[in-house]
Each structure stands twice: as C-alpha cells, then as structure tokens.
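Each chain gets a letter, A, B, C and D, in the order it is written, and its residues are counted from 1.
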Amino acid sequence: MLYREVGQFATSYAADQAIFPIRQDRFGMLVLVLVAYLAVPLVANEYWLSTIFVPFFVFSLAALGLNILTGYAGLLSLGTGGFMAVGAFTAYKLATAFPGINIVLVFVAAGIVTALVGLLFGIPSLRIKGFYLAVATLAAQFFLIWLFVRIAWFQNYSPSGVITAPPRAVFGHFFVTGPEARAAYKYWFTLTFAAVLALAAKNMVRGATGRKWMAIRDMDIAAEIIGIRPLSTKLLAFAVSSFYIGIAGALWAFIYTASVEASAFDIDRSFQILFMIIIGGLGSILGSFLGAAFIVLLPIFLNNLPNQLGLHVGVALVTNLQDMIYGALIVFFLIAEPNGLAALWRAGKEKLRLWPFPH
Amino acid sequence: MLSGDGVLLKVEGVALAFGGVTALSDVSFDIRRGEIRAIIGPNGAGKSSMLNVINGFYRPHSGRITYKGRTVGHMRPHQAAKAGIARTFQNIALFKGMTTLDNIMTGRLLKMRGNFLLDALHVGPAQREEAAHRAVAERIIEFLEIQAVRKVPVGRLPYGLQKRVELGRALAAEPDLLLLDEPMAGMNFEEKEDMSRFILDVNEEFGTTIALIEHDMGVVMDLSSRIVVLDYGRKIADGTPEEVRHDQAVIDAYLGVAHDDERGAWG
Amino acid sequence: MDSGLPRVGSAPEGTRSSGDDTIPKLLLHHARVRPNRPAMREKRLGIWHSWTWREVESEIRRIASALSALGFQRGDRLAVIGDNRPLLYWSMVAAQALGGAPVPLHQDAGADEIADALARADVRFVVAEDQEQVDKLIRVREWYPCLEQILYTDPRGLRTYRQPFLHELAAVVRKAAEGEGRNADFLTAEIARGSGADPAGIYFTSGTNRPPKAVVLSFDNVLATSRAAVAFEELTEREDVLAYLPMACIGDHLISIGQAYCTGFCVNCPESRTTVMADLREIGPTYFLAPPRIWDNMRSTVTLRMEDAGPFKRWLYGLFMRLAERVDRRILDAEHGGAGRRLCCWFGERMVYGPLKNALGMSRVRLAYTWGEAISPGTFDFIRSLGINIKQIYGPTEGALFVTVQSDREASAEAVGRPLPGVALRIGDEGEVLFRGAGAFQEYCKDPTATLAAKTADGWIHSGDAGFVDTHGDLHIVDRVEEAGHLTDGTVFAPMQIENRFRAAGPIREILIFGHGREYVAAFVTIDGLVVGHWAERQGLPYTNYRELAQGPEVRDLVRQTIEAVNREMAQDAMLARVQVRRFLVLEKEFDPDDGELTRSRKLRRQFIAAQYAALVDMLYADEMRGEIDVPVAEKEGGATMRRTKFTVVEAAIFRARQGDAETVSRAVATPG
Amino acid sequence: MHIFYAILIGPFVTMAKEPAFLVEVLIGGLLTGVMYSLVALGFVLIYKASGVFNYAQGTMVLFAALTFVGMLEAGLPAWLSLIAVIVVMIALACAVERMVLRPLVNQSQIILFMSTLGISYFLVGLGQLLWGGDVHPLDIGIPSGPLTVHGILINQLDLYAAVVAGTLVAALALFFQKTAVGRALRAVADDHQAAMSVGIPLKQIWILIWAIAGLVALAAGIMWGASLGVQFSLAEVALKALPVLILGGFTSIPGAIVGGLIVGAAEKLGEVFWGPVIGSGVEDWFAYLLALIFLLFRPQGLFGERIIERV
C-alpha cells in the first residue's frame, strides 16, 4: 500500500544487493536512526533511558551474537551467560589493570578475549551436533561461572565477589560509567555499539561468511561437498558470536548495572537470550532486536500490571504469577508464530507491497 | 576445447561395504578429459556409492583412485571440491533457506579470497569481490535460463527448477569433473529435454568432463560417449552406447530389474 | 558534454529538427545534442546496463563498418530475428546508415515462414540472436540459397558450427575495427547520402487470410508519422519505453526506433521473455503500447487475484472501482467535481488505484495506447478507471501505425479517434476506410499488382477495414471489409463487432463468429484456461488438463450463461439485435499461431480456421447437435495428425429487442455431453 | 609446578593412602548416581517417544514433590496424597499434550525444546504459588543416619532411594520390553510416520509417555526431597541429569542408568579429592567436563546408535 516500487531499478550489483534495496525502506531506516539518536534522548526520561533502552541495546547485542551462532550457523548454545561473564570480567580486569586505555578499546578487547574462549569451547562442535552440543555448551556455562565465583583474582579479591565499574569517560569528559555518568551518555554509548555491530553483523551474514554459515546450517553434508570446511566455519561462528556476547556482557556490567557479580550471568541468562532469538526470529538481525525488546519489556509490563489494575498483592505472589504468565506467553508465542516476530514483520511488509492483492 | 583423450580420473579395484552389505566390489574404470561418462545399472547397483567414493564422501575399503595423474588414497569431500570435483545429488541437496542466487553463490565460495572482517566492513575489496563473483553466478543463471527465479527461496521452486539450480551451484565452482547423480529423475519430457541440452552445452561450452548416473536409457544413449554398467556392486560392462546396448550381461541385468526393487532398498 | 557546439535548445531541438530526414542522421544529431543521456538500457546478468547516445552512435558505427566489410551495400536488405536486444536494434540502424533497409522478422516464425519472408524482401544478410534462430536459418538456406551471410550475437552452442557463411557479429566487428573495415568518414558520407525517400524498413502485414505482404516504408513515412504523434502527445526525451513487442511488429519499430530517434528518449530491453512483467515493474515506462490481449490479461490478473483477497480488501476494491465508474475518471483525476469527490479520488489513489498500478508496473505511465485490434469496452474502462491514460490508435502497417489518435479527453472504447494532423480520411464504397498522408506506405515488395490494388494514383490507401466517421468526426472501425457478411434473411453483420462484445468476457478467451450465408449466427469458443481453471477449482470440479476442462458440461453451461448475458445486451443494440449468437461449441484446444490458427500478432485467421474445422462449422448448423469429428492435432515435429473428438453444440437463449428480458425466441438447455 | 602435582597426582595418592574411604566415597557417588539415572530416565523416555528435549523434567520433579508435600501438610494421608499427585501428573501430561505438543507438532526440535522451557517456568510459578516457595522438610519414615558395613559408612536414605530407583528402572525396562504398549512406544521412538501408518495413536502415546515421565519425576522428587528437603533447588537436579544424557545418549535407557552411575561416582570423587585443591563447588561442572571429553571420542554417547550419513 505504501510501496511504489515501479521505476526503481539497479544498475550495479552493489545497488542490487544493498541492505535496503527499496527506496521507501531506506527512508524509513534513516528516520529510525534519526529518532533513535536525537528524538529519544530528548523526550525519554532517566528511567526510560537507563532501565529500558540501555538494557534493550545490551540484550540486542547478546541476542545478535547468539543469533549468529544458532540462527545462521545452526549451532545451539546454552552458554551465552557464561560468555557474557567472560566479557564482563575481562573488561573489569583490563579497566582496573590499565586505567589509561580508552573504555571503547577495553570493551573491544573484552570481546576479543571472549571470542578466544568461545573458540575453545566451540571445538567439540566438529564432532557433536544438536542437543549434544547444546548440553556441551552448558559445560562452558557452569565452568566459567564457577571460575569467576571461585577465583577471587577475577574480582580483584573483593570480599563480596561483586565487581564495580570504575568511572570512565569517552571524548574526555562524557562519563559513561561511575558516579557522574549521565543516562543520555550511556544511552548514546550503547546505542552506538548496538548500531555499529548490527551493521557489521548484517554485512557478514549477507556476504560470503554468512553464506558459509547458512550452508552448514541448512545441509552440512552438501556444504562440505561444495568445499566448505566445517570446522573452520563453525569455529568462526563461535568466535564472532562470542565477540558480540562478550561486548554485551561488558556493557551489561559497566553501563547497565554499574556493579555486578558472576551469578548475574547464570544459566537463566542464557535461556533468556535464547528466548529472545526464538521469539524474535532465528536467522534474522531484525529479529534479535525485536526479541530483545519483547523480553525486556514483558517483565516490566508484568511488574506494573498489578499497580495499573490497582491490585495490591504480595511480592511472592506477583513473582510466581509472573513466572507462570512468562512461561505461558513463551509457549503461546511459539505456537502462534514459530518463526518469530521477524517473520510477522516480513509478512506484514509483503502484504503492504502486494496490496491490495492477497499475500 | 580440451584435448580428447587424457585420462582425468581412474578408479582401480574399488570396494566398499556398509556393515555386512557390499555396495561395491572391485570396480575399475576411467574417465577421460572432456567426455560425458555414464554410470548405469539397476536399483541398488551401487551407482551413487561410486560417486560418493569419487568425491570422498565414502572412504573405500580397498582400491585406489587416480585423479589428474595423482593417486589419492582418499580425499575429504572439501579437498575433492578444491581439486575441482563438483556434484549434484539424487535427492536434491540445496540450501533450502537461501535464494537461487545465494545457492549458486555458495558454489563460488572456494574461489573467494575475502575474510569475515572484510565482509563485516563490506567496503572496497569485499564489495568488489562480491560483485565479481555475482557476475559469474549471473552468467550461470542466464546459461540455465532461471533469471525469473533469481531471488526466490529455492524451497518454493518446483522440482525441475530445483534440479537446475543445483546444477548451477555445481557449475559455479567451475569444476574440471562434474558428477551428476540422476539429474533427470522425476522430470517430464520437456524438462528432460532442457536438462539434456544444458548438460551437453556445459560439456561443450566449458569443456567440463561429466560423469552422470541416469535411469532413462534414451537420455544416456544420446548424451554419453562411454558407459559403465554396474550390477550388485560389480562392473558388468563398459564401452560405447552401441557396445553396451548389445551386451548380454547388461540385457540380463535389466530384464531382472523388475524384481530388483527390494534389493534396491540398500545400495 | 559536447563543448564546441552552440546549445541549440536541446529539449525542443529533440522533437523538430526537420533537417534530419533519416534515422541515421537523427542518430548523429542526438549523439551531438544529448551525448550523455541514456538511449538504451538492457537488463542483463541481473542488472540494467545503459548506453548513452554517444555510445550508441559508436556501437552502430562499428556494426555498420562490420556489415560493409562483409559486403553490405546501399540498397541491400538486412533481416534481423530474435528477442528485443540492443544489438539487433543497432544492426537495423547500421543497415540504414549504409543505405540499406532492415527487415525485422518474428522470433517465433518457423523456417518456412522465414524463407518466404526473406524471398519476398530478397534479403542477403541476416543478424540472428542465438543458436535457435541460426538453426532455423541454416535450414532456410537450403530453400533460399540467396541468403549470403548469417551473423549471430550470442555464440552459445554455436562453437562447433563451421559453416563459412556463419559469423559471430562481435568477431566481425573486431576484424573490421582492426582496419580492413571502412573508416568513419566513409560512414558519415554514407549517412549524408541517405534521404527521406529511402526505405526505412520492410514490415510484414499480419496476413490474417492471405500470406503476409512485405510493406516498404520510407524514412519520410516513419519520421513524419512519428513526429506528428510526438508533437500531438508532447512526448519528450524524458520518456521511458519498454521494448517488449516483437521487433517484427510495426508498433515496436515506430516507438523503439521512430519516436525514440525523434525525441531521444530511452528504450529499455527486458532480460528475457519470462521476466517481462518483472522488468516492466522495475523500469516503470512512461509511455506504453500494447495490443488489447495484454490489457485483457492485466484486467483478468487483477480480477483473479482480487477474488482470493480477504473480504475487507475485496470490499475496498469494489467500492473504489464503482466510485471510479461513477466519478468519471476518464477525465483523469477529475479537476471538476467537488472537494468531497476529489478527496474520494485521492483516497482511492492511495488505497486501490495507486497500488494496483504499482502492481502492474503502470505507476509512471503518462500515455498508454491500445492498438492492433478492437479492445473490449470492459477492459478499456477498467484500465482507465485505474487512472491509466489509455487511448486507442488506429493504423495498419501500410499507414505506419498512426492514422487516427484519440485525445486524452475523448478516449473511448467505441471510436478510434480522429486523423492525426497531416492525415486525410474518407469512407469509400462498401464503407471501406481510405486514408492519405505522411504515413502512406511506398509499395509492397515485388508485388506491383497488390500495390496498385491497395494504393490509388493520388495516394489514397485502401485500409481494407470497414468503418464510418461519426458526427464528432471520430472514426469507428467495424471489421475487415471482406469479413462483413449477411445472413440468409439479408441481415448484414460484422463478425469482429460481435466478437468484441465477448472479448475478455469471463471464461471466453477467443470467440469466432460464423453466419455468412446461414440463417443465424453461431460461434466457436475457446475458453480462458486460467479463468475457467480458477472457477473450476472453486466449484470443486476435477480436471487434469485444458482439454478435459474445455469438454466439461459445466463449463459449457458457464459459457452459455456468459453468451446469453451478452446476447441480452446485444438485444438492446439496434445494429446487433438480430445477430445474437444462437449456437456455439467449445473447442478442446486454444487457437495457436504455430498451428496457423492465429497470426503471429495473435489475430484470428478465420478463413483458415473455417477450412480446418469445416465439419465442425457444419455441425453448428446441423440438426444433430452432437457428434464425433476428427480434428487436426499439431505434433511436436509439425506434422499434423487427426484425433477423433466428441463435440457438443450448445443452444443459447436469444432475446427480444424491446424489453430484453427472457422473452426468448428459442430456448434450449445445454445438452449434457 | 606443585599445582600440577596437586591436580594430576596428589588426589590419586590420597586415594591410594586410604582405600576404605575411597570405596565409601565411590559407593556414596554410585548411590547418588542412581538418583541421577532416575531423572535422566524421564528425559530419555520423552525424547525417545516424541523427540522432545524436555527441559521441564527437572521442574516436574520439583512440582511433583511440592504437590506431594503440600498435600501431606494439608493433612491428607500419605497414600491418598500419593494417588492425588499421580492424578495431577497424569492431568499435567494431558494438558501438555493438548496445549503444547499438539499445536507444535512437526515443528523443529529447538522450538519444542523452547516450549518445554516455557512449561518449566510455568510449573515453577504454579508450584510455588500453590505450596509456597520456602523449604518443606519431607519425612517418609526412612531412617536417616549412616549404617556401617565392614567399616564402610553408607547413608541409608541413599540406599533406600537407590533401591526404589533401581526397581523403578527395572519395572520400566520390563514394561518396554514385554508389554504391547511398550512395543508401541518403541515403534514410535523409531519412526513416527511408520508408527502412525500401522495405526499407533500418537496422541495417546505422548500422553502416556509424559505421564510415565511424570511418575518417574514424582519418585525422584520424593527421594531427593527426603534427603535435601523439597525446595526450588530440586529443579536444578535436572542440570545434573544432562551430562548423564550426553554420556548415555539421549535415546538409550541403559545409557541413562550407566551414565547416571558414572556421573554420580565421578562427581563425588571430584568433589572429595579435587575440591580441596581447585576450590569447592567443582561438582557444578565436573560431570559436564567429563561428558565433554567423553563426547570427543564417542559423539553418539555410550549406547546411542551410530549415525550412517547418506546422500
């Protein structure tokens, strides 16, 4: 209905393979970016920025990472939390050990270290598949968390086992961590990370790298027979995925919750991220964001629901009810749209493009 | 055109078994550069197994394979691919989640030099390389006359077209040896005609050596320069279509084909 | 950009530069005036490649020198055969540049047709697209040895061909470029030597009843009519057209070469025949010519797709289509009429008309023509009500496409408009339309008698069409003169006129009217496989192929209802009341050009069909309404065999003129097959 | 240097020093292992029959135990509450089949897995909503306190638990081998399509299998509850069962049993002999690491059938 594609034709492969080949989409994306960078910080208050948007971006990154591994390369992992922890603690050690380095570099370094760890735990993926692999990744999950809990060195021997992000600024005096950090700065900081890394991910999955991954996912035998090396391809997926997750973990520890302990990255976190990509849509960059938004907003919604309805009920009751509703909703979603929100989005877009013809 | 006679691939005394079941026993034949070589035989004669051995998917229990003059005990499939062996499958093995174009592009992966970092930036070299290989893929798309379904996910294509796309993916690798496992299975008359034309054109245009398995005798006789006949996993005949047509062993094997199907279950 | 030359107003310059009296001269002109504007685009290997006028000029120069290197001289004829490809268009102009005449042939033509055509236009050189065409030509050469050189543009599959008379165009071009080809000045001189009187090309009439005739048109014919039409429609260099009609079709030639070279607009070649619709959407032409068949398809596509749409969409669609009829959108985007009405139109444009045009690739169309045959009023109104400015033009090949044109305001399905400036009309005896003017053709190749018959000494052309001019001065075409027949009771009728009533009427694809020298009108019907198939699925009727579908009694009944509905309308029309269709039978196959039942431009060849199915025609008028009759079935290899087939004649209700209700003259229930 | 000694050699030295203690630890481990097997069994049953990796198995243990305790606390006699719980678990099975499995039939495995995660959340919420989140002590009249055989201490509760578990496992094994229903179940496990084509009603089969898994969970829940007290952490028992699955293979009942024993023993050994060296809490991941290393050599698990890939 909104689309008028007549007269839009590509004269180069670059144009034909652009991320948004349709003019209307390009325009929409531009608007979205402008809104995200300018409008939101102006209108949204502290609460929204720091407790909804920042975690949304952090989760989106983690989901993006897991989606690369599970959605594109078809390798199911339950170790996301563990890898986030690696990112968080690496960043902490680096930031505290070398106060001099720019925080951005610290995060990137944290990502790289996580990538290496991911590489290590990815090795079994050559031999084992499906749920065997999933369970194997649990080994990473438990081992890593145990490591950060037990080995005091990782928390600089803090008695409580809690690590607290030292104050750091970007461009000299815009503090994104520490006491005088401003919500808006945090927002822009995480938004930029999310945006840049999302673009990078999109580029990878629409290029040769992505095709390798998807080939392995769709039919590993055929993939090997056309010359794709299974091991290196899978390991690459693990590394890249872990890089994203690691940075997400670092952002979580430094920007979102200024101080954190290892248990924040337990197996429930892994499942949470997994939910995001399933509900958002496997093998879809957009899906990672949609899923993250859903999982971030749902609890907040459920929390405020009783007050909205003016009910006054015990905390325990509320949490239990939340668990139930949460679980029920998950199941409901899987039944309603197994291919996730991204699929809904795609279908809706197709409807608009074909309007008034049926899809 | 490539020179006619040089032997490209030589199979000597290859044997293969699953559990107790013999799939191939002491099979020997050769494939010459630039020829179209057919492998035929009743169901379960071990034809597919033969191809699987050639491109390294199965490891033969005995026998040797000489490819391009080098004797290779056993190549991993991706090594075979690197060495210039491409193939299609009896029951289509396309990447269902991807479009026709992307499937064919995967055939180019071996030729692509870029790495994930360049891909991530998607500037300069990566973009240029992508475009260059897209151009090659497009030439194949034009060659196979599938422009109309370029951007359609292969899962949605009719069977005949999927077979074509799979051929395209194999061609994209610019192979020296192309293995086709029943390229015309389940096709109607027109589709078979088209596919035969494509196979001939491939052989003629690119000088690609082709080894194919096919049940439609008419097609085999028209296309192939020489034919190997397998039955119960052993070679019972080898020669030009004429010779094979009048070979008694072959005739017997094919008369027996009627009550062959249960035996066809394994093979 | 061109530096030295004075910028003699490039935009207006485009349309009238009377100095340039040949296509090649215009080519040089555009290469000078608008060197960097796109002249041609082609979708190849998945993207659109484009050539500026300057590039096109050098391409054509190269091809020309190659041709002359092969011995192509002034006065020679160059046949081109293949899909719409830039190289073929350029070859035609190259031939013109050398003082020769291009002879575009239909890409589907069989070897025999080609041989006949080449002989008629005594052609020595052919540029063919690919192996398919070359194979035909090699066979042609056995019957027509005068064919000296065959060039091909696409070498695929031709590597092993060793014939000496066979060359790849690119190779010849390269050789010529290496020197032994003539130099640029030679060509410029040759171009200068050309004059408006020279033949611009040779085109074949569709040849409905007798073998096609080779019409010679001069540059003056082509350019004058092109310019007149360009001026009339105010076409500019900014137009985009899609070159999808067969190159043999005069319509394609007049637009893709004639008008393109008058205005300097861009001609776009689709990627392949299977992708035309997609490419149409991508390019989004601003100017579009199509025969009624294509408009009918668009209409039925939309109606079919909408049947599957959800209730809301169907409601919306129905609402705005009705609105479109009420708010007479024929005066496009009614500038008169109240704000409310205009708001409705605006909303409709957003919700229905716009999206539909987008789906059909018609969003940017400023000017659309229907041409070649009479269009069914239903389709015409439908297309217009989408806000597409569709108009009728009339003009046989002998008249270089444009004889009469409708103005934007007075477009209608009935009339075909008024004569183009510079064209004179008159109605001859037995109502034949005669015209005179710039477009009047030169002669029929090697057929002076026919030329004399068709062209009077003072330049009037016998169109062979029967028609009349109404009080507004609009021309109406009734039918071919020779087709006009009369029933035994003396009623005169024009089959085509009746047939138009049925075109694109639901299930009917083609209908062929008989009745000359009989006591009533009867018809052959072929059904539209798509529409009827869709219908059958909804009815839950099983069928495996077209044959079965067409032979089903339910389908016969469906057709009967359609025909009776039209009969009821005809009852109201004084001219047609007495020629309602009383009997019909449904053929079990569609008419097919390869079986000679249609012309290449898909016009019915009634005499051929009547002869082919003589037995069936008799059955239409026999008492025995059912029978088994042998009908020819075309084989793959061309040889036709007979197949015994069951046919059932169906009787349709006939209605009284006055109160056209079911007060019928004769009534019969469809006899179950 | 000495760290390597501590890890690689030290523990074995200690073992060698006091064999009795080693045996004691070993037996303790094996007994716990039987309990793991019990939980793992639940996974295997469901995975075999419906191809679902039922993460909720652990929660079912918790839920069953909670309901049981809840009813006891509500004052019902043990036998009655037992019956009641059984009914509840069967009802649960029906509900799951009707509301989750049926709508999700022939969805990809990961989707089904996700849905069981949903179920798991739901059950945790429901159980704690009904019976409260705090620890419920459960006394089923088994004399706790150690019992000495040849100077080796054995925890009686573990012993009884092991016996119960053992009998249950044996019973299931028989059920599968001997009864018609069991054969039907095996058929389904081998090939859904084929099973349906010979007229085996999938839906009932699924209900049945989930019900059985529920009962297994109940047994496990009571046993664990008796030793640890019924509390949320029971759900975590599932995580202990997962390495068992890798070791034994997702589809092998004997695998589940042997795997359970191995994990139980290994974990105890690791905890007792390595814990002191590399820090406590080793048991969290020790079993996984073991399983992982094991997998590298035998990807399809102990008894999992080898996959022959064809093209």
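As a convention for this text, a residue touches a chain if its C-beta (ideal position, glycine included) is under 8 Å from a C-beta of that chain, and two chains touch if they have at least 3 such contacts.
No experiment lies behind these values; they were computed from the predicted model shown.
K.L.:
Find the chain most remote from chain A, comparing centres computed as mean CA coordinates.
P.N.:
It is C.
K.L.:
I'd like the most central chain, judged by C-alpha centroids against the all-protein C-alpha centroid.
P.N.:
B
K.L.:
Any idea whether A-D or A-C has more C-beta pairs in contact?
P.N.:
The greater number of contacts lies at A-D.
K.L.:
Quick check: how many Å separate the C-alpha centres of chain A and chain D?
P.N.:
Chain A and chain D have C-alpha centres separated by 32 Å.
K.L.:
How many angstrom lie between the CA centroids of chain A and chain C, rounded to a whole number?
P.N.:
Measuring from centre to centre gives 57 Å for this pair.
K.L.:
Could you state the distance in Å from the CA-based centre of chain A to that of chain B?
P.N.:
42
K.L.:
Go ahead and note the Å separation of the Cα centroids belonging to chain C and chain D.
P.N.:
Distance between chain centres, rounded to whole Å: 76 Å.
K.L.:
Send over the residues of chain C in touch with two or more other chains.
P.N.:
If we look for residues of chain C contacting two or more partner chains, we find 46.
K.L.:
Send over the residues of chain A in touch with two or more other chains.
P.N.:
12-13, 221-222, 225
K.L.:
Which chain B residues touch at least two other chains?
P.N.:
57, 89, 93, 134-135, in rising order.
K.L.:
Help me check something: in the complex, which residues belonging to chain A touch chain C?
P.N.:
Residue positions touching the partner: 1, 3-13, 15-16, 354-358.
K.L.:
Note which residues of chain D are touching chain A in the complex, please.
P.N.:
53, 99-100, 103-104, 107-111, 113-115, 117-126, 128-129, 132-133, 239, 242-243, 245-246, 250, 278-282, 284-285, 288-289, 291-292, 295-296, 299, 301, 309, 311
K.L.:
Within their complex, state which residues of chain C touch chain B.
P.N.:
44-46, 156-157, 159-160, 271-272, 274-275, 278
K.L.:
Which positions of chain C touch chain A when the two form their complex?
P.N.:
43, 46-50, 281-284, 305-306, 308-310, 313, 316-317, 350-352, 354-359, 361-364
K.L.:
Okay, in this complex, where on chain A does chain D touch?
P.N.:
70, 76, 124, 127-132, 134-136, 138-139, 142-143, 145-146, 149-151, 221-222, 225, 267, 271, 274-275, 278, 282, 316-317, 319-331, 334-335, 338
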